[in-house]
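You will see chain A twice below: alongside chain B first, and alongside chain C after that.
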Partner chain A sequence: MTTLLAQAKIEGPEIDWAGLSPLIALIGGSVIVLLLGLFRARPVREHLVPFVALAAIGAALGLTIWQWGENVDLIRGAMRLDDLTLALTGLFCAAGIATVLLSWRHIAPRESAHGEFYSLLLASLAGMVVLVGATDLITLFLGLELLSIPLYVLCATEMRREGALESGLKYLIIGSVGSATLLFGTAFIYGAAGSTNFAEIAAAIADEGISDSALLLTGVGLAVIGLAFKASVAPFHQWTPDVYEGAPTPVTAFMAVATKVAAIGITLRLFDVALIGVSDVWQPAIAILAAITIIVGNVGALGQSSLKRMLAYSGVAQAGYLLAGVVVASQAGVEAAVFYLAAYTVMNLAAFAVIVARQAQRPDGDDIGALRGLGTERPLLAWPLTLAMLGLAGFPLTAGFIGKFALIQASVEGDYTWLGVMIVIGSMISLGYYLKVVATMWMTSSPEPGEAKPAGIAPGPPVMAGGSPEADDARAPWEVVLVGGVFGLLILAIGVYPQPLFDLAQDAAASLSGLL
Partner chain B sequence: MAPVFFFIAALGAIAGAIGVVVLRHPLYSVLSLVFHLLSLAALFLLLRAEFVAAAQVVVYAGAVMVLYVFVVAYVGGTQEPVDLPGGARARLLSFGVVGLLLVELLIATLGSGLSAVGEEGAAYEPGFGSPAQIGELLLTDFLLAFEVSSFLLLIAAVGAVVLARRRGGVDDGEVEGRISVAQLLAPEGLGSMAESVSGRSGVTDEPEGRG
Partner chain C sequence: MTLHLSIMLWLPAAFALLGALLPGKLPGRIAILGSLLTLAYAVVYVVDFDTGKDGLQYLTDEAWIEALGINYKLGIDGLNLFLILLTALLWFGATLWANLKEWEHARTFFLWLGIGETAVLGALLAQDLALFVVFFDLMLVPFFFITVGWGGKDRVPAVTKLVIYTLVGSLLMLTAAVATGVLAAEGTGNPVDFDLSVIQASGLSEGSQKWIFLFFAAAFLVKMPAVPLHGWLPDGYSAMPLPALALFSGVLSKVAAYGFLRISLPLFPDAAADFQELMLILALVSILYGSVMAFSQTNARLILGYSSIAQLGFITLGIFAIEGTGAQGAILQSVNHGLVTLPAMFILALLAARAGGSEDIRDMGGIAFKAPVLAVFFVITTFALLAMPGSSNFVGEFLILLGVFKTQMAIAIIASIGVVLASVYALRLFIRAMHNRVGADVDSRDLSLADGVILVPVVLLIIAFGLYPQLALERGEKATAAVVAPARAILGEPTGNYGLAEEEAEAAAEEPAGAAPQIDPTTGQPIDPATGQTADPSAQGAPPAGGELIYVDPTSGQQVAPGTPGAIAIDPATGQPVEDPAAGAVNEVTP
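Let's turn to the complex of A and B:
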C-alpha cells in the first residue's frame, strides 16, 4: 500500500494566488461574516457584520485594481483573469458595496439574520466573479449556480411580507429552468466539440468542421435560451417584474444590476471566444431576441405604477440594448457593452437607492405616487432619481447617452444598423415612463399633510421599511442617501467626461483577442 | 451485444421519465424515478463509467430516493392525486412548446447520434472511469470546479437553514420547543441558531435601536 502511494505522484496544478485573490477575498469574507453573525451582541450583528462584508468587498475591489493588466489563465484554464473579468468584477464590487449600504438598516437582514444575509450576498458576488471569468463549461455552470442559489434565498428574506416567499419560489423555479436549459446546452456543445474548455471548443469548431453539426447548433440554441433566462431577455423575462417586486429592495437593486452584468459578461465570453466560429448562426438569433426584448421591455414598463416593476421592465429593455454589443461580435461591440454595463450599474443603483430611502420614509414608497412633490421637499433624493431616469432614457450629458451612442455605433459598424434603429425607437418609447417619474417629482405638488399617510395604513413605524421607531420617519438613513448621491454624481461625471471609462472598456475588450 | 443493452436501458430511462410526470400517485412517480435512475446507471456502465454508475445507484437510486419516499409518506401521498393547475389553453400551449423542443432535440440527436451507433466509439484507456482517475481529475484539471462546488454546497445549506427557520415569521403561540441551559442564560431575540430552530422571533418584540 505504501509503495502504491509513493508511486502515485501526481503533479498538482499551478495555482496563481494573486490572480485568484479577488475571488478568495469574497469567499473568505463570506465565511467570516457567517461566523461573526453567530455572536450574541447586537452591535456586532447589526454593525460589525455589514462592516466586515463591506471590508471584504472593498478588499476584492482593491485586489482587482492591483491585478489590472494581468492576463493569465488560472488553474489549468478553468478561469481566465483578464481585463474583462477585472472590469466586471469592479462593477460587481460597486454593486455589492451599494447593496450592503442599502440594506444596513433595512428589515431584510434582521429577518433572515445578519450573518446569513451578508454571507449569501458575498457568495453570490463570488459566483459572479467565477462566472464572468469562466473559460470552461463546468466553471461556467458552477459560477452560475453559485450566483443564483444565494439570490433565490435572498429574494425570500423578508418573510413576513406578502409576496416575499412567492418571489423567492418563482425565481427558484424559473431560474432552475434556465440553469437546466443552459446545462443541457453545454452538454450538447461538449458532445459536439469533445472538450469543455472554451479555447479547445473554438479550435474544434475551426478545425474539425463541426460548425454545421446539429449537435453543436442545438447546444448553442439551448445555451442562448439558458442565458436569456438569467439576463431576463424577452420572451424569457416573465419572472422579472414579480420577483423584483417581491424581493427586498436592496436585493432587487443587487439582482437588477449585478446579475445582469454577470449574465451579459459570460454571454460575451462564451459567444465571442468559444463559439465565435459559428457566429453566423447565433448572431441573427440574438439580434432578433434583442429586438423583441427592447420592444417588450419598453412597452411593458409604460403601464406600471410600482417603481420596482417599472425598473424591472426597464431592465429587460436595457438587456436588449446590451445584447446589441454581443450580436456584433467585434471589439467595438464588447467595448460598448462593457461601457454600457458600467453606466447601467451606476444609473440603476442611484434609482434603487432613492426607492429604498422612500420606502424607509413611508410604507408605499415603491409607488410612483410617493414621489409627488419630492423635488421641492427633498432635492437630495429627487436629484439622483432624476439623473438616473434621464440617464436610462439616454439624455445627453448623462452616462446613458454616451453608452447608447457607443452601442448604436457598434451595431452600425457591425452591419446591424436595424438593431441600432431599434435602440433609438426603444429609447423613444422609454421616455414615456422615465419622464413620467421626473414629472411626478418636479411638477406635482406634495400631498397635503393630512393625506401624507394614506388611509388604511396604521400610524407608527412602517412595517416593511428599515426606519426605527424613535427616529423621525421623514428622515431616510444617511447611508442610503449617500449611495444615491454618489451614484447620481457618477451618472453626470461619466456623461460629461467618459474618456477614462472608455479606456477601461477598451482594455477589457482587448482581452478577447479573437475578435476583430 | 452492447447496442441491445443500450436500447433496453435507453427505453427504460425514457419510460421511467415519462412515468414520473404521467403517474398521478406521488409514490408511483417516485418509484418510476427510481427505475429511470437505474436505467441511467446501466447507460453509464455501457460507457464504462463504473464509478459513476455505482454512485448513481448508491446516492440517487438509494439515498435520495429514500428521502423522497419519506417525504411522500410524511406529506401524505395517499390523499387526492395531484391535479395540474391551469386551463386547457395553458396545457395546449405547454404541449406545443414541449413538442417543438422535442423535434429540435430529435433532429440534433438523431442527426449526429445515430451515425455513431454502429461505430466503436471513443477508444478505451485502461483506468478510465476509475475512482483514481476521477480523483486525479478533480485535484488537477477541475480543481477550481471542485473547490467552488464545495463552497456552493455550504452556501446551499446556509440558504436552506435561512428559509426553513422563518425567523420572526412564527406566531409566539407555537413556539415551545427544546430548552437548553444556554437559552436560559441568553436574553431573547439574539438570532442565535438554537433560537431560530425553536422559532423564537427576534424582530417583533424588542425596540430597535439605532446602535
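Let's turn to the complex of A and C:
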C-alpha cells in the first residue's frame, strides 16, 4: 500500500518563487484589498483600500525591477519570466497605478464597493502578467480569462448609469466570442502540433513539416481572430467605441492601455515564438489586418465628438501601427513594438487623466466642446492633453514620433515598406482629429453665446449668484492632475531622450529567440 | 575659437521658456534679448567662417538615439551660413515687432515664437537626416499654435488645412528618410546610420532614389509652396498674425529650398538628374502662376503670398539648374527674399493701420502724401522685391537665370518673363497703396519712431547687401559647387555654354600677357595659367577691386571695353558675372 502510494506520488513542479513574485504581489494584494473592503469605517474603505492597492502594484513594480535580466522558465515551462514579460509588467503596473489614482475619488468604486473594485483591478493586472508570460496555450487562455472577466465587471461598476451596464454587457458578449474563438484556435494548433508548449509547437512545425497542414493553419487563423478581438483590431473592433464610452473613465483608461499592451504582448510571443515556422502564412494576413485597422481606426475617429470614443478609435488605429512590429518578426520589430507600447501607454494615460479631471469639473467633460478655452483657463490640464494629442499624432520631440520612427524603420528593414507607408497615411488622417482637440483647447475666444452648453444637459455644480460658470467649475482632484502632468512630461522626456527606453526594449526583444 | 552650435540652437527656446515663467511685459523683453543674442552669435559665425575650408565647420557630433542610428550632428557650411544669419535677423526683427503690439496671453505667444526659432535653426544646422526631419516637422508646431491662438478669422479651418498639407508632405518625407537610412545601410552591412555624410558615402540604387526623391520633393514643395501644392496658401496667409507670417514666408519657405540643396541633390543625384526637367517645369509654372495671381489679387497679403510663390519658383529654378552658378543664386535669392519679406509684411501692417484696418489695396491709396518717409522705405523694398538692378535680388535672379541658361535655355527664356511680371505686381501694390486717389477710410500718418527702429535697419541692410552681395557668394561657393557636383556628373557638362570659350580666347588676347585670367569653358572657373588646372576660386582670396572686372558682350561672348552698353561684368577671380559697379548697364539680360 505504502509502496503504491509512493509510486503514485506525483512530483510537483519546482516553483521559482522569486520569479513569480510580481504575480504573487498582485494576487496577494487583490485578496487583502477585498478583505479590507469589508470594514465599515469610511476612511478605511475610501482611502486605505486604494492605498493598499497602490502599495501592491508598487511592490509588483519593485519586484519586476528586481527580477530584471533573469530569463527563466517558471512552473515547468508554463510561463516564462524574461525581459519581455518584465518590461510589459512594468507597463501594466504604470497603468495600474494611474488607474488607482484616477479612480480614487471617482464615482465608480463608490457605487460598486471599494474593496471589490480594486480587487478586480488587481486580479485583472495579475491576468495580464500571466498572459504576457505565457509560453503554453493553456496558460495563455488562463491569463486571458483572468484578464477579461474582472474587466467585464469593472465596466459595469457605475451601476446607476445605463451606459455603464450596457458597456459591461457588450464587452462580456463580444469578449466571450473572442475568447471562444481563441480557445478554438489553440485547440486546433494543439491538434496539429501535439503539444501546448510554445517551444514544442515551434519544434513540431520545424521538424514534422506540418507547416501546410490545414489543421494548423485553421488554428492560426482562429488565434489571429481571437487576439484581434482583444486588441480591437479591425474588423473585430466594433465593440470598442461603445464599451469605451460607456465604461467609467478610469476603467476605460485601464482597458485602453493595459489590455492593448497585454494583447499585443501575447501576440508577439505566440507568433514570433510558437508560430514562427509558419510566418509566411500569418505575416501577410496580419499585415493586411494592420493596414485595414489603421485606415478604419483613423477614419472612424474623424467624426467623433466624444473624446472617449475618439480615443477608442485612435486606439484601434494605434493597434494597427503596433501590429507592424509583430508582422516583421524581427528583433527590430519587437523592439519597436515594445517601445511604442510604452509610448502608447504614456500618451493615453495623460489624455485619459485630463478627461477624468474634466468630467469631475463638468458633466459634459467627455465632450470635445468642454475643452474650449482650456488652454488659457487651466493650462495644467491643457498641456498634458496637448502633448498627448501631438504625441499620438506623431509630432517630433514626443514619444509618439520616436515610436513611429522605430516602427517604420522596422517595417522597411523587414521588407514591409508598404506597411510603413500605411502608418504614415494613417498618421496623416489622424491629424484631422488630434489637431481638432488641440485647436479647440488653444483657441483664445470664449464660447459664443448659445453654443456654450448644449441644451438638455443638467448644469454642473450650482451656480452662485454673480459667479460665472467657468469660475465655479469644481476643482479637479489633485491626484488626477498629477497623473496627467507626470505622464505629459514623460511624453516629452521620452521624445527628447529615448535611449534608456530603447535599451529596455532591446533587452525585451533579445529575450525572444528564433526571430527572422 | 570654439563656438558651440548647440548654444546658438537652444538659446531662443531657453529664453522663451524663461520668459514664460515671468509676469507682465517681461516675456516679450526676454524674447527680444534671446533673439538678439542669437543674432549676435550668428554674426560671429559669419565673421569667423573660414571661406577657404572645405566641408562643415564648428561640427557637433553626438549619438542621440543609438538604437535607431540617429545622431545629434550639427554643422555650418556655405549652404546654411547665411540662412542662419537670415533666420536670426528676421526673428529678431519679428520679435521686436511683436513687442509693439499687446498680445493676449503674451507669455505663451513669445514661448512659441522662441521655440519656432530653435526649430528653424535646428533644421538648418542638422547634418543628420533624421534630425533634419525632426526639426523640419517641429517648425510647424509653433506656427500652428500661434495661428490658432492669435490668428485672424476662420483661423481653425485655415490652419488645419495648412498643417495637414505640410504634415502630409513631412510624413512622406519621414518614410523616405527612414528608407534612405535603411537602404543605404543595407548595401554596406553596417548598422543603420542617418548621418548625411555616411548616407552619401554609401549611396542608393537609382530605383530607390526615384521614389525617395519624390517624397522629399513633396515635403519641400508644400512648404515653399510651389504650384500645384500651394492650396493652403490663401487661407494660411490670411489667418496668420503678421509677424508670424513674415517669418513663415520669409524663413520657413527657405528651409524647404535649402532642403533640396542639403538633402535631395547630394543624396539622390540620379533621381535629381532624372527629375531635373520636371522640377524646372514646376518652378516655371510657379513663377508664372504666382506672378499672374499676384497682380490679380486685391488683398495685399495675398499679393505678397503669391509673389513668394513666384520667388520660390526662381529659387527652385536655380537649384535644379544643377549647376554651381544657379545654386549660388538660389541661396543668395533665398536670403534676399527673406530680407524683403519682413519689411514688406511690416509695411503691410502699417498700411492696414492707416487704411482703417483693411488689407485690401482698394481701400488704400494716397497714403504717400502724408507719409513721405514711409513711402521712401516702401519704394526701396518694392524695388528690391522686383529685382531692380542694383539690388541684391537682381544679382540673385541673374545668377539663377545664368545657371539655367547653361543647362536649359528654353526654360530660362520663359522664366525671364517672370522678372518682368514681378515689376508689374510689385509696382501695382506700391502705386495702388501709396499713390492714386486717397482711400475713403485712409487716415495717413508717417512712420512712428518705434516703427522706424524696425524698418530702417532692415531696409538699410537690403541696400547694403545689394551693394556687396559678394559677402554671401564667396562663402557659399565651395559648398554649392560640392552639392551640385554628383548630379552634375550624371547629367554631363552644361551644353549652352554662353560663349565662354570665345571669351576665354578674347580675354587672353586683350589682357597683357601673364595677367590674363583664363576661364575653363566647362566649369566657368578660371584656369591657373601656371598649372593649366582650374584654380580654386576661394583660394584666390579677396574679391577683386572694382577696376579689375572684365566686360563681356553677352550676345557675342567677346570682351569689350568697360562701360560698353549691354556688357556684363565678369569677376576674373571667380569667373562669375558680378554687378558692374561703374554702370548699371547689366539689365540687358532681361528680355
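Here is the rule we use: the second predicted complex is superposed on the first by the 480 of 516 C-alpha atoms of A that agree within 3 Å, B and C clash if a C-alpha of one lies under 4 Å from a C-alpha of the other, contacts with A are read in each partner's own complex, and residues count from 1 in each chain.
Keep in mind that, in the parts below, a residue touches a chain if its C-beta (ideal position, glycine included) is under 8 Å from a C-beta of that chain, and two chains touch if they have at least 3 such contacts.
If you're wondering where the values come from, they're calculated on a predicted model, not measured in any experiment.
Contacts of A:I402 after superposition on the shared chain: chain C is touched, whereas chain B is not.
By the touch criterion defined above, A:P13 reaches chain B but does not reach chain C. Judged by the touch definition given at the top, the superposed model places A:I138 against chain B, while chain C stays out of reach. Once the two structures are superposed, chain B and chain C can be ranked by residues of chain A touched, with B on top.
By the touch criterion defined above, A:Q506 reaches chain C but does not reach chain B.
By the touch criterion defined above, A:L431 reaches chain C but does not reach chain B. When both complexes are overlaid on chain A, the residue A:H114 reaches chain B alone and has no touch with chain C. Of the two partner chains, chain B is the only one touched by A:L34; chain C is not.
By the touch criterion defined above, A:V72 reaches neither chain B nor chain C.
The touching residues of chain B, when paired with chain A in their complex, are 104-105, 107-109, 111-113, 132, 136, 139-145, 148-149, 151-152, 155-156, 158-159, 161-163, 166-169, 186, 190-193, 196, 202-203, 207-211.
Chain A meets chain C in the complex at residues 335, 375-376, 390, 394-397, 401-402, 404-406, 408-409, 412-413, 417, 420-421, 424, 427-428, 431-432, 435-436, 438-439, 442-444, 498-499, 502-503, 505-506. Against chain B, the residues of chain A that register as touching in their complex are 8, 10-13, 15, 27, 30, 34, 37-38, 40, 42-43, 45-47, 74-76, 78-79, 105, 107, 110-114, 116-117, 119-120, 123, 126-127, 130, 136, 138-139, 142-143, 145-146, 149-150, 152-153, 156-157, 159-160, 168, 188, 191-192, 213-215, 217-219, 221, 468-471.
Those residues of chain C that touch chain A in the complex are listed here as 64-68, 104-105, 108, 130, 133-135, 137-138, 141, 144-145, 148-150, 155-156, 159-160, 163-164, 167-168, 171-172, 174-175, 178-179, 181-183, 192.
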